[in-house]
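Listed next: structures, encoded as structure tokens.
Both of the next two complexes hold subunit A, though its partner changes from subunit B to subunit C.
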Partner chain A sequence: MKTLSHVNDLAEHYDLVVIGAGPAGMAAATLAADKGAQVLLVDENPTFGGQIYRAVSSTPLKDRALLGADYWKGEAIGAAFSQSQADYFPGATVWQLSPELELGISSGGRTAVLHARRVIMATGALERPMPIKGWTLPGVMTAGAAQILLKTSGVAVSGKVVLAGCGPLLWLIAAQYLAAGKRFDAILDTTPRGNWRTAMKDLPGFLTSPYLAKGLKLMAKVRRQAKIISGVTALAAEGEGHLARVRYTAGGREVVIEADHLLLHQGVTPNINMASASNCELEWDDAQLAWKPKLDDWGNTTVPGIAISGDGAGIAGAEAAAERGRITALDALAGLGIISIAQRDEQAKPIRSELNRYDRGRVFLDRLYQPAQQFRVAGEDTIACRCEEVTGGQIRKAVTTLNIAGPNQLKSFLRCGMGPCQGRLCGLTVSETIAEARGSTPEAVGYYRLRAPVKPVTLAELASLKQSETEIRTVARG
Partner chain B sequence: MFQRLPDPSGSPVSFTLDGRPLEGRQGDTVSSALLAAGVETCRSSAVSGEPRAPYCLMGVCFECLVTIDGVGNQQGCLVALRPGMQVETQIGRGKRELAR
Partner chain C sequence: MVTADVIVVGGGLHGCSAALQLAKRGASVVLVEKDYIGRHASGANAGGVRQLGRVLAEIPLSVASMEMWHGIEDLVDDHCGFESHGQVKLAESEADLETCRARASALHTAGFEHEEVIDEKQLRELVPAAAPHVVGGMVSRADGAALPFRTVQAFRNKAERLGARIIEGVAVSDIRRDGRDFVAQLADGQTLSAPKLVNAAGAWAGRIAERFGEPVPLEAVAPMLMITERRAPFLKPVVGATSRTLSFKQFANGTVLIGGGYLGRAEPDTNRTILDYAKLGENARTVRDLFPVMHDARIIRCWAGIEARMADGIPVIGPSRTEDGLFHSFGYSLHGFQLGPICGSIIGELVTTGQTNLPISPFSIRRFAPSGRQSTGF
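Right after this comes the complex of A and B.
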């Protein structure tokens, strides 16, 4: 790969631009470049790996057992990508992808616009918001953030630490922290007890899943070493200027414990901001309780030329992400005329059978770890939109008194979703809170209408763009 | 509080926070270096001015906004720490205008 460090290093045209350097993005870029396509991979992080393989080539943690064998699988994907002929632009932000496949890319305060013949978005997942009272207090962060600190910098959250929420990743992070010699004052498991009943019918599929043995081993390990409180039905962070206490209810009993840090996690959901801003149609996934892009069998969106792979296409995990990256790359290569349709289909066969293996029992996990309603909608005094500081109570009041139909109308009254994060952290909460208040469904109330720039870009950056004669003549007078 | 694990490698990287000299490590982002140095609150919220600290560390939440080398509202979690960087917190209502 050729690492770019300045927007001036970019070509004006690429056969394929891949956005995001996680397993899906790296696998897609590697395959396409190896077949001879001119490929650019853009990533906003300083190093490749995405979140799951974050800092896999640069982590200061030398004890490989600490992060576990699955983490190090990223090394091979990273190594193959490093040996490819792709252009790689780290620390760069894609602030626009138009339906005409024009990309706006910024880095170091400069920006450039270029064109792609095909685009693969591999923008991955983000942690599902977990709006509880006090979650904006310093001292409260996502469990994923704690894991990122560990991977990138070898820094661990210390002192009195409480981990709360549900989902497979919660157990992985707990195990990694315990392996690092850290401890938790409590692990508060918010998995609703009733989930077992709804998940049971999908258990047979999960029994053949490659994740079953791993998951059980992980959970047993954590259970041996940490105090786990199950059936947690209410949770709040308290303190003045910084977290000091965690208040929770389990089995009908309210308990207050002292805490320096509260790590929240209740699963991951596709990061659909850029897809939505590029006009790709979304659909509601009732098992994963999230929006995901409408895709065909090759990961193509409803916008010609734009495909999505990895967890951004629907949550399936890191190993499936790499395979899905390869599937989208094969179709891109066929679309570019580099391979034939027959070659595409032939080469996709072994990849699809691998994918089927990872898919087994996914529904079981989705249903088992479906977060409870009270942790998905914002309570009366709980902040739903962290940027604009809008509470659940304000949303409900606006919805009922003004008969607001959905998130876009709500923006006009409360500005929720209009801060710097552009709804990434409140979108699901707001859709679900409106749906609850209206006695409707998230599918019916819809999602924020997103637009470019999907990440902030300064006027100075825009002014640094090269302008064509036609563009100048369009606005110049006289 | 945050602690570096005993074995991490990475050479020291000097930078300043609000003019005060601090030290991070090679491989740190601005946010991870600040947290490791014990700095959690990096800004005041735009509406009520309440203290905020990095929340997601993966470029999603925009809670880690700081001023880096004179440019405001940078996502500290996405910027690699470099020697001599001048980082400023965005605490206090005066900085609020930057977000508008």
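Right after this comes the complex of A and C.
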């Protein structure tokens, strides 16, 4: 691996550009580079590892038991990548990817445009927003953000801590926190009780899943060390200027507890921001209640040359992510003419059977951890769009009185989704809130049309782009 | 089969404005939009409401439209986000100023006084943030800007309140003449029929004209725009430049909209637009040169809208050359937003009475007729 530190170090053309240095991206880049492709892996973080193996090569938490054996699996993937011939550009942002496979990359205030013959996006997942009343108060954060703090700097939030939400990652984060010697004043489980019924029919598949044993172990561990309240049906953060109390309802009874920190989490959804800005078609996944890119068996999107692997392709977890990265890399190699179709298919076989193992029981998890409607839709006084501070009530009013059909149409009235995040964080909440108000589905009301830049660029960065041919011609003409 | 007096194809500002004016005049109207109202040029544009710098032929229409903009709330029961702080063109050199003076005197000769040349002092009062090298410019004080999508939606809602029927999400897949009536076949199987037809199909309007035997030189283009995060307020009017292309404005909420007619690529068949970042880089350099305060501004979104551009840069407005009862209103060539209110009213008059007092002959589709066949008619 050759580490780049300046946009001037970039080649103008690469066979393959991989975006995102999580397990999927690292595995894809390693395999493709090992077979002789000219590969660039770009990631905005200072170190590789992605979300799950974040800072695996640099974390100050060297006690292996702390972050768990699964975390350290990232080491092997990282080591293989370090030994590859790929170019690696950390701390760099891909702010645009065109359907012609032109990429805009910026780092250190400079930007460059380069071309790829194939692109694999491995930009992972984002935490699903959990719009409860008071969730914008200081002291409330996503559990994922708390986990990042823990991994990168060994810091855990202090004082009275409440963890609330649902999903497999909730238990993982809880376990990592407890292992680090922190405690929770309460864990509020919002998994709707009715989900057990709908999930049951998929239980047999889950019984053979490699995640089952791990999951049960985690949950048992957390249960031994923390007070868990299940069946939570309502939740609000309260306080003046800072979180002071958490109000929840469980079993029909309302309870108020003191809290300095509330960590929220209700699962992750594919990060489709770049895919959408690159014109890749999306589809609604009714089990995962999220948009995901339309993909073929090799992870190819509807835009020729662009593939997606890892959780960005649909949530399947870290170990599946690395295998999915390899699958997309094999197809890229075949597309580049480095291996034959027959070789691709042959080499994919063992990977696919591995993948099948991870797939088992996914549906069960999806159904079991489907967050409840009241935690997906913004309530009357609850903020939906944080950048522009638009509430669920305002959205419902605009939708019904102004005859608004979807999120793109709403912008002009409430500026909802027009702030710095461009709806990348609140998109699901807004779609679901509009759908509820119209008595429709998120699939029917649609999603924000996300556009480049995928991350903000400064005017000065844009101005540093090479002149276009028309401009050169105009200048030459005087 | 649904029958009406008029079928309008296209739910951009021009289609909705025409539907509103027709309904107001008592006609029964059905408007068909293949995507959703305001999805294309009319909802994606810069919202510039500008008389400044228009070609002579458009000025009478633009002036009449401006009056309607200043009473927009009376027309559609919504303010449309319209604000009037003038539009200013910066002169960067003595030569630029000379161009401005020549323009003002040409307009004066034609009887229009809305464009004034201003010196450096007046310019800096209007645009304090302009770069030091700017020497003066030109202003049209009644000009301003509005919120595009909000505007189209207001015209649509008003048209509906006046009785127009709007069908969204379904394309007109074919139209033919059947005796007295036009019969429109919709993609979902419905048929509509009416004795009058309005072609307000924007970048797709050429297909309808061609269907009735009058092809036009129309290109679907994709003008690009970008917008920044909120900045401290520094600018009220909309600003352009004399010898570079720029459209620059700060909204009341602090965000700054940057354009300049730079084109990406339009794919009208798929509704997609593809941006050209090298050109946006050029656009960014112009802003950097003219507004030093912008150097650290962060761009949060770039986009483009699909727009119809005619070979001669002015729209097609008026009756068909080949088909009685067909009226065109398309090809607004990157500056049709401001003309929305008046052109709807012109179409309303033409369809219901056969005439209008405004000088629309320069916009006749006849200008594209093969020579010698100018008077074939219906």
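In this section, the second predicted complex is superposed on the first by the 469 of 478 C-alpha atoms of A that agree within 3 Å, B and C clash if a C-alpha of one lies under 4 Å from a C-alpha of the other, contacts with A are read in each partner's own complex, and residues count from 1 in each chain.
By our rule, contacts are C-beta pairs under 8 Å (C-beta built on N, C-alpha and C of every residue); 3 or more make two chains touch, one makes a residue touch a chain.
This structure is a prediction, so every number in the text was calculated from the model and none was measured.
Chemist: Touch check for A:K411: first (subunit B), second (subunit C), both, or neither?
Modeler: second
Chemist: Could you say whether A:G144 touches subunit B, subunit C, both of them, or neither, answering first, second, both or neither?
Modeler: In the superposed model, A:G144 contacts subunit B only, not subunit C.
Chemist: Quick check on the superposed pair: does A:Q51 touch subunit B, subunit C, both, or neither? Answer first, second, both or neither.
Modeler: first
Chemist: Once the shared chain is lined up, is A:A220 touching subunit B (first), subunit C (second), both, or neither of them?
Modeler: The answer is neither, since A:A220 touches no partner chain.
Chemist: Would you sort A:T152 into first (subunit B), second (subunit C), both or neither based on which partner it touches?
Modeler: Only subunit B is touched by A:T152; subunit C is not.
Chemist: Per the contact definition in the header, classify A:I341: touching subunit B only (first), subunit C only (second), both, or neither.
Modeler: neither
Chemist: Contacts for A:N403 in the overlay, against subunit B (first) and subunit C (second): which applies, first, second, both or neither?
Modeler: Second partner only.
Chemist: I want to verify the contact counts: of subunit B and subunit C, which reaches more residues of subunit A?
Modeler: B
Chemist: Just checking: does A:L207 make contact with subunit B only, subunit C only, both, or neither of them? Give me first, second, both or neither.
Modeler: neither
Chemist: Just checking: does A:P420 make contact with subunit B only, subunit C only, both, or neither of them? Give me first, second, both or neither.
Modeler: both
Chemist: Of the residues on subunit A, which ones does subunit B touch that subunit C also touches?
Modeler: Common interface on subunit A, subunit B vs subunit C: 419-420, 456.
Chemist: Using the touch definition from the top, list the residues of subunit B that touch subunit A in their complex.
Modeler: Counting only subunit B, the residues touching subunit A are 1-5, 7-10, 25, 27-29, 32-33, 35-36, 40-41, 45-48, 50-63, 65, 71, 73, 77-80, 99.
Chemist: Write out the stretch or stretches of subunit A touching subunit B in their complex.
Modeler: Result: residues 44-46, 51, 55, 58-63, 91, 93, 109, 126-127, 136-142, 144-145, 148-150, 152-159, 180-181, 241-242, 260, 271, 386-389, 419-421, 424-425, 456 of subunit A touch subunit B.
Chemist: Please name which positions on subunit C make contact with subunit A in the complex.
Modeler: Against subunit A, subunit C makes touches at 36, 38, 43, 81, 147-150, 153, 157, 168, 228-229, 253, 255, 272, 274-282, 284-285, 287-288, 294-303.
Chemist: Show which residues of subunit A lie in contact with subunit C when the two form their complex.
Modeler: 96, 98-100, 102, 104, 113, 279, 402-406, 409, 411-413, 415, 418-420, 422, 451-453, 456-460, 462-471
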